[in-house]
Amino acid sequence: MKKILSVLLILILSITVLTGCGGDNGGENSFGDTLRVGSIGDISTMDPTNFSDLQTQLAITAVYSRLVKFDKDLKVIPDAAEHWENISDLEWGFTLKEGIKFSDGTDLTAEDVKASLMRAKTQTLVAHIVAYIEDVDIKDDLHFVIKTSKPFAALLSNLADPACSILPSELIESGNDFAKNPVGSGPYVFESWTPSEKAVFVRNENYFDTENASQFEKLELRVIPEGSSRTIALETGEIDINTSVLTSDYSRIKENEKLGLYETTANQLYGLFFNETKEPFNNLDFRKAIEYAVDKEAVIQASQEGLGERLTSILPSAVVGSIDAGYTYDVEKAKEYLQKSGFKQEAGKKFVIRSMSDMNTKMAVVIQGNLKDIGIETEVAQNTVATHMEQCGQGQFEMAIMGWATAPDPDRFLRPLFHKDSLGTNNFSQLKDDEISKKIDDAVGIIDETKRKAAYEEINRELMDEAHVVPITGKAILIGYRAGLKNVYQDGVFGMDFNTIRY
Amino acid sequence: MKRQASEISRKYKKKNQFVDVMVRISKNKMAVLGLIIVIIMVLTAIFADVIADYDDVAIKQNMAIRLQKPSAEHWFGTDEMGRDIFARIVHGTRISLYVGAISVGISLLFGGFLGAVAGYYGGKIDNGIMRVLDVFLAIPAMLLATAIVTALGSSMINLLLAVGIASVPGFARVTRASVLTVRDQEFIEAARAIGAKDSTIILTHILPNCLAPLIVQCTLRIGKAIVFTASLSFIGLGIKQPTPEWGAMLSGSREFIRDNPHMVLFPGLAIMLIVLALNVLGDGLRDALDPKLK
Amino acid sequence: MYRYIIKRILALIPILLGVTFIVYAIMSFQPGDPARTLLGTGATEASIQQLRQEMGLNDPFIVQYARYIWNLLHGDMGISYVTGNDVSFEVFSRFPNTVILAIGAIVFAVAVSIPIGIISATKQYSAFDNIGMIIALLGVSMPSFWLGLMLILLFSVHLGILPSGGMQNGFWSLILPSITLGAESMATITRTTRSSMLEVIRQDYIRTARAKGVPERKVIIKHSLRNALIPTVTVTGIEMGALLGGAILTETVFSWPGMGRLLIDSIGNQNTPVVLGCLVIFAICFCIVNLIVDILYAYIDPRIKAQYK
């Protein structure tokens, strides 16, 4: 009995060692007909107006076109629209490219644009993106005018949002379920989805932008939630692209000759927010003390291995209105301000710093140490995303780590975070400042670029002088890929074009 | 006179019983080893502050020395925040034992009560209680605990409750089985005949006879509770930062597993060691207390 | 026999009701608004309220619960708060993966533990016995997620011969997760098999068989095993129930696309319909497994079989 068992064991072990586990890739530098992409999460739907996660965004932009899109540096470039101009304060004229067809063979016309935008207005998740679009005036198949309800300088960057994907108007009318049956004019056509595993797309042979047609026949988005597994999969050639490389794998991938790494930072504000309805957070000196007490470098070191953007104000550097507010890591100054504020640490009383992810918690723990150094006792509470957002939105917190990533338009940052109308949703600081709210409202309508920049810089400076937030970082975006691929990149709002990748 | 005599003989028997059990255990080498390890862990927990200062060592961040391999200065190396892992494991002992013991205490109280009532009264009450327990058994303990902690927040009390609930059916079953064997014996009938109240009977006559299996259950369940707590911390619920709970330490070191395996090795070893010790001790106790092997 | 089975199936109903009620109740305590999570940051108060109305979230608890049960009886498990897909779609697309994992674990556990248990019993106190018992002890004491991490460290990171996660590589992907999930069961079943074999071997009828000159192999397999297996089968059944819970951890460590991970993610997102959907399936499986174990039990134990003849 024992002998049989041991023989079996040896057999199994040797088979295992000999065959090992090969990736389904032929050689080191060869690529198959499928571009295999490893992501941290699964897509949730194929309906462009019904999602809010980044993985789904990749799938949506692969299958649908919008009027305009972002390039690598978040500048607006043409997609389905060939040309546009700002005719008047409230009117924008667009010209579509000729000969764009949907994957079901029908032509893409102004009708479809209008139907899609009006539909987006009815979808609760994305309505706010198209809120200022009043109506679409169709001149002919390729020409139309978008009318806004107020002067809206951010129209173009909002139109680049995947929520404004163009859908066939007939299918909208017939009540097509785009989540299951996505029909778009993008570089890929949806083929299949195995939840928690992968989503498969095929090249759209009728893609209008023939120069940028996909070189690969198929695109596979695979789900590999565990960071180290994802990196291993890239190293063994099981996947061609890793869209979320762990910051702790940064050097490993950089130093691997067979792999390439694209780095950039997200257009994002990650920082410590205060609930200013609670004592002593309503005290300016107390807040300023914390601004000087936080060692931002250490925070970034702990949470992102030192990668990512160093923020100096509420708006990231890619956004108009970004400034350097001048807060440095200065323990002495922090103690000074703390004394000025008259704060006394009570025994046993600890402020709570809320977080909603492991990365958040790492940031919070460093901040906890920093605050302890100047005499403020805190504890860190990690919750799920849902609970965290709810509690912070409702003002049930003292301090919280929040991340806010959106299009590079200052209004998309300032309005939800600091406008008094956003109280109860995203105005975490509970700011009820009429003046600031008015300034935000006014700035939206300024079209002149110089004036706009000045206006937003002013708002930014005022908010920073009042120390409403301690801005720390924007996440590092690291895309790992097999050497031999070109044009692999991701833009600051986590968007990626797979069709332009070449080998 | 008679009462004094029976009291004396009861006390004498008890003492003898205890010594008896101790002797039998000492013959079981594994169990003794387990007992020693448990004692060491308990001492570590009690004297944690002496071994390594909490504020200065266990939770003090120091980015300059992060992710270091084990060395003479840092026996178990440092973690991603530059904290000494050995110190964190030492303090983690305190938390694990605390949560383990108290949550099992809670289970013992509730489970023991339910089991005793079910076993003693039998019939519909028994059925009813067992059905309710069946429902709880049909929900994976992990899930129930996760739901409780997510819904009610991750305070220490909720955690103790969540971990405790998982062991209640086990204690109830064991208590019920013991009560059933004792219930129909003559001395119980006699007690009832004298007019003793049900609660008196249960507390003074029946439960003492269930002690043996309950003690074994306790020892085994504490081990399970420790692993359970670590599991909850592993998936992100459970003990709050920067408290060095072993499971949380494991979760935090996953992304560093390739270059810094020591971060994953030591907390896991700690968990395994104490659970192993408790299991071996529990087995030894079970054998020592088993009348069949006398 | 049929009566017994029907009775057990009927017993499912109160259990399912109890399970769903308890979890529904607990989930309702959660702070956080599913509508707000769905809409994400950047949503207006108005749109949140509208969504709440659409989702029926403003109705009293009992009404929401009753509505859920009613739909459930019609086979409608509702819609995921996160993706908007049918819950049945979400759950059943991952359910087979968890089943595969569970089967892998049990096969591993049984294939390893029964031989070890038998041999340890027949060669009690030998080196084999001691090593076997130590392995069993380790299996029960190691936290499963740590075992998983250690296995990944050894086989994926160092040796590079097994995948570190996911289901992409077919059979090879199943090996480490099965071992991880099955380790604890393996330990328990080994010990149970060993102790029940020990008891059986000491019985008089075994001594008689040996005295009669029956070859040792036949003594063990034909005479002892059948009786010794009874507690083993029981324990295996209990372990299968525990497996469903343990799958949650194993699936997390190995990124296994099963129900366990879906469950944890959904609890975090307050995705109550999906949580309940998974639970209902879990509970049904649990009861079915218990039922099968009871039937198997009846077949193996001739005493019970006789009762129903």
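Per-chain residue numbering starts at 1, and chain names A, B and C are given in the order in which the chains are listed.
Assume contacts are C-beta pairs under 8 Å (C-beta built on N, C-alpha and C of every residue); 3 or more make two chains touch, one makes a residue touch a chain.
All values reported here derive from a predicted model rather than from experimental measurement.
Chemist: Supply the minimal count of touching-chain steps required to go from chain B to chain C.
Modeler: Minimum step count, chain B to chain C: 1.
Chemist: Go through A-B and A-C and name the pair with more C-beta contacts between its chains.
Modeler: A-C
Chemist: Any idea which chain sits dead centre by C-alpha averages?
Modeler: C
Chemist: Just the number, please: Cα centre separation of chain B and chain C in whole Å.
Modeler: The separation of the two C-alpha centroids amounts to 23 Å.
Chemist: Report, in whole Å, the distance between the mean C-alpha point of chain A and the mean C-alpha point of chain B.
Modeler: 45
Chemist: When the centre of a chain is set as the mean of its C-alpha atoms, what distance in Å lies between chain A and chain C?
Modeler: 37
Chemist: Which chain B residues reach two or more other chains?
Modeler: Residues 150, 254, 257-258.
Chemist: Pull out every residue in chain A that's touching 2 or more other chains.
Modeler: 226, 228, 384, 387
Chemist: Residue numbers in chain C touching 2 or more other chains?
Modeler: 30-31, 157, 267-268
Chemist: Could you pull out which chain C residues touch chain B in their complex?
Modeler: My answer: residues 14-15, 18-19, 22-23, 26-31, 137-138, 140-146, 149-150, 152-153, 157, 241-242, 244-246, 248-249, 252, 263-264, 267-268, 275, 279, 282-283, 286-287.
Chemist: Per the contact definition, I'd like the list of chain B residues that touch chain C in the complex.
Modeler: 131-132, 134-144, 146-148, 150-153, 223, 227, 230-231, 234-235, 247, 250, 254, 257-258, 261, 264-265, 267-268, 271-272, 275-276, 279-280
Chemist: Which chain A residues qualify as touching chain C in the complex?
Modeler: 1-2, 5, 16-17, 20-21, 24, 44-45, 47, 50, 52, 124-125, 127-128, 179, 194-197, 222-226, 228-229, 232-233, 236, 238, 384-387, 389-391, 393, 396, 404, 406, 412, 416, 424-426
Chemist: For chain C, which residues count as touching chain A in their complex?
Modeler: It is residues 30-34, 36-45, 47-48, 50-51, 54, 82-85, 89-90, 93-94, 97, 115, 119, 128, 156-157, 160-169, 172, 253-255, 257-258, 261-262, 267-270 of chain C that touch chain A.
Chemist: Using the touch definition from the top, list the residues of chain B that touch chain A in their complex.
Modeler: By the definition above, chain B touches chain A via 59-61, 63, 66, 80-81, 150, 154, 236, 240-242, 251-252, 254-259.
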